[in-house]
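Presented sequentially are two complexes of subunit A, the first with subunit B as partner and the second with subunit C.
And now, the complex of A and B:
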């Protein structure tokens, strides 16, 4: 096996198109290196280290779109002023990924492409209606986030392609969003349940509601039925309780060493109720 | 297959042959014989292997050595001065008994050295957050926090 360290995207895409399946894209390594050492990924695969392609890191905002490069680290997301102002759920999610050492090298692109059922950045990305910008040698194409997460550790990223970054439409005025996570301790914890919630409000009524979750199904997902139940409401407690019940019909949690399926089901409902309460207060809905 | 790696370790240029998927912990311990950096969990959880790359603490047990090409790496061996005098933080660890078995200590020293370099007077909360990726099973953390506090002084936030 080889360690390839291209300096440009073109160089990287050329290597990937020539080598195909035996080349694993590597950024911060906080998932890939562990998966190699524990036999979850074959050690015969060569590594394509893209960490030197500095164009793929950073956050920018123009024409109503926020662009986040795939190599932007969790640490960078936590303190970037565009993110903390416009997409606070991304900063909150990034702050819950591991400790400083993990956040400093782990990237949003790695978190999304590794596609763990518990990927903390996936719910905010889904709730924000983000688009994944991917590229092979023929140039970039776009995949809606909802079509990106296919199954446990499986994405729709085509072979021979690299995630360049994501594009997020700037949220409308009067939008509240947050990432709420249940774990056994405050740091260094894989989510038992993670919820990204976003409510855009016009005249004290929810115009759009977005709910997305991780750790409750093989892949992170949107909770469309829960969202529909909240649309048009004032986030009153009756509507929210009903929406929380509907949302739990959409998930398929399992029992594992972190939590039981029934606990996860209950927590999804509780987090939705908590999000609605926080949003009402923050948006001055009484 | 081995590949050549050039980097700087504790201010000294080093050039070594490493395996293509070798991790920095193995390069430091087995090739450069800097055994102050410890192998704990070996999966990026416990922080015993923490070293500083540039200004950033990283878990060297899962950091690919070849990703450190051209980088400035600091290990616990680089903290003391040329005459062997301890850094202020190392001295504080001794004075406040922030060390019991000592296995986690090099990792804590590197994480907290990086913290003090980026934030001269961190609050207790910032200290706690910074060391969330380091596990100590002896001290209960309060003596470690006190060591940082004694370096920062009463003027700290």
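And now, the complex of A and C:
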């Protein structure tokens, strides 16, 4: 195996070009290294370590868009004032990834590209309507987040390309968002269920509702039927219960060592109701 | 000034915090080889092909050892049912089949992967019910012909039962007829992994006649006799040297990897080290057994328990290990703490195609207490009586006897413990609120007896060396308890006492760190040695000071005249003077706990007959459940524990806090469940150990009733804090939600369903 450590993006893309299949991109290593150790990834696979490409880290905000570099660590997301002010669900999600050691080296790009069904950053990214900026030698292209997550550990990132970062439209005023995660213990858990909810409110009515979940299907997903049921509502309990029921139809959870399918199904509905309750309180909807 | 009762820092703290302490896995020798086991990938089957030719030719490989190159006889703790390597059949996932010895760990790993292994899979006998069903495949068709430990009493065993305990004193059925209400409960618990920080390891060398094995093990003398037994040699051909231990919790009491390292050493003539990686450690370690418990009691409407029946099926796994002994534990719990009338007990150790289970802090007691105290709550509710009031009405009094006939002369301490808890957390004042609940449980636990010894030597600089095979498993029993007891005997500070690491060649026998015995038993051995040394010290000092020996005392590192402290001689001077007067100041003390009387006819199969030096415990918890996700938060946890006398408060408090944390893990998150004989949670990531964020500061009430036959009155303290925790939390969750909790870990889904039902009602 080879270990390649380019210093620039161009160098990295050049190395990756033409040999995508046997060269794996490595950032924080909190997934890749464990998957190599446990045989989920072949040990013979070569590694392209992009951690030295410092331009890929960091958060910026301009022209109504928030840009998050792929190498931004979970710890950075937790503390960045742009994130905590405008995209608090990202900070909340990042704060629940593994322990502090994992948060200090694990990156948002790695979390999204690993595409675990339980990826904590995926629901906030989906709910925010983010766009994934990816690039090969021919220059960057953009993929809507919803088209990025295809299946368990499978994304639509083309071979030979690297995720540079994500772009998130700044949320409108009067928006509430949060990431609610259920794990067995109070920390260091892989999600049994994770829900990102975002409600933008005009005149005490929900103008747009966004719901996205992880750990309840092969890939993280948006819950469109649940969202539609909430749009235009005052988040009254009747509407929210109905939305929770409809959202639950959209998932396909399994039994595994972390939770039963029935508990996961139960949780999606209850988390939506909890989100609505918190949003009503926070937005002063009575 | 005495070293006893002080929060003296442990002697190993600094080295451990700085990373300077060398554990078993850190031990190295020049030219050392590395071994790795080929373990069975399936739960049950017949080996149809095992070809190691290719592996033997791999780079760096020195030897591949299989059943063909190993002793053919079976070995075991009491029942010799375990082969050295699996030869014909494999009986659990993880069972060792072969071992590669190579220059490096990676070479050993590669060569293991090159072994051609084919197994004809069998449908595994995956649980106790299946194992006991008529027509079940027998894991040990030759059970009747297996040898047992020489000198051990025989016990009933048959079919897939490695051991059966029965106690039926008569009158049980008649007593049930006097009951107004009869309640029956069936409860089920999974396995619990000890999850020590340091995975198991062993490093062995061989000089053509004797083996030296370096370990981090709770019981070096057990390693010696078990390796000797497995290799078919006499004990004294094995030397076992102990190192710092990264936790044990009972998992390091029987053989781990030592016999494999030993055979690797004798086959290659080189030093061989074998270390488990974490995943193989988790699947192969003797975890706390899973069990199914059925308990049925009769109660009168005025709140008396009048009859009881108790049945427990313990899953011993593929080889019986110590579950044969553990079937005795119900005898000390089922009709203790509360008076319950005539009682019938059956307990079975059952073979299944799972990893052998074994000792874990509070052996079997954790789930027996869970079953009994859940049942106690249910009995009280069945007659509409307050749960605490019901307990107080049936509480044991001094002079009451356990089912083995052992009388408890100090059982009054139980009532005191309940009252002390009440002062801190009044029963009517805690657990109030829609999502809150309170639970209560009590237990009587033993101080494990078994012999121990210690040799004391006053050093030329006046300090004191304690040489003992007792092991520091992390509890502080040696680095605080034994050290402080020794210091106090000679008027020294604990800092002036050092304790050597265990070495079976140079030290007397000690039965290891188990069942809270080290401080109590080894402390007594230290006192016995001190009793021999002190007269010699006073005799020599008497000459140096010109005073009568009877007028002397030890204080501040000197021998002083009691009424005239200005006349004193340093202990160092006494020690040096002793060289010319009868030789160095050194003495060995031994101790064995006198066993209380019991009734040998109280049960059949009673291999573990008594609960010596009992201690008394009452725990209370207030919990709050989350109505959104069903998780349980422990708001308050109160422990009243009787310890005889506290040698080191930091040590005792630490053991209680840790025991409660470990019990919370058992109650709420942990558990090794099997599907078709394979564990479903296979890594620490999914296993669910308790985290600091989830564990409250335990409110601790220490009761001191010094024990006459105990060092400064100390009894065992470290093991029992784990025992009632699952019971207390389950009772509190039931109180909060109405759920009848009968399984562990407590399932949030069950909590939510109970809350929904309660809301609808």
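Here is the rule we go by: the second predicted complex is superposed on the first by the 285 of 286 C-alpha atoms of A that agree within 3 Å, B and C clash if a C-alpha of one lies under 4 Å from a C-alpha of the other, contacts with A are read in each partner's own complex, and residues count from 1 in each chain.
As a convention for this text, a residue touches a chain if its C-beta (ideal position, glycine included) is under 8 Å from a C-beta of that chain, and two chains touch if they have at least 3 such contacts.
In this text, all values refer to a predicted model and were calculated from it rather than measured experimentally.
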Requested in this report: Go through the superposed model and pick first if A:262 touches only subunit B, second if only subunit C, both, or neither.
Outcome: second
Report task. Pick one for A:36: touches subunit B only (first), subunit C only (second), both, or neither. Result -> first
Report task. Could you say whether A:186 touches subunit B, subunit C, both of them, or neither, answering first, second, both or neither? Result -> both
Report task. Examine A:3 and indicate which partner it touches, taking first as subunit B and second as subunit C; both and neither are also allowed. Result -> first
Report task. Answer with first, second, both or neither: which of subunit B and subunit C does A:202 touch in the superposed model? Result -> neither
Query raised in the report: Regarding the shared-chain residue A:51, is it in contact with subunit B (first), subunit C (second), both, or neither?
Result: first
Query raised in the report: Touch check for A:137: first (subunit B), second (subunit C), both, or neither?
Result: neither
Query raised in the report: Per the overlay, which chain contacts more subunit A residues, subunit B or subunit C?
Result: B
Query raised in the report: Do subunit B and subunit C touch any of the same residues on subunit A, and if so, which?
Result: 38, 186-188
Query - Complex contact set, residues of subunit C against subunit A - result: 279, 628-629, 631, 668-669, 680-682, 685-686, 688, 690-691, 693-694, 748-749, 752
**Report entry** Sites on subunit A touched by subunit B in the complex
**Finding:** 1-3, 5, 26, 29-30, 33-34, 36-38, 43, 46-47, 49, 51, 98-102, 104-105, 186-188
**Report entry** subunit A - residues contacting subunit C, complex
**Finding:** 38, 182, 184-188, 190, 257-258, 260, 262-263, 266-267, 270-271, 273-274
Requested in this report: Mind listing the subunit B positions that touch subunit A in their complex?
Outcome: 1, 3, 20-21, 23, 42-45, 47, 50, 56-59, 62-64, 66-67, 69, 111, 114, 129-134
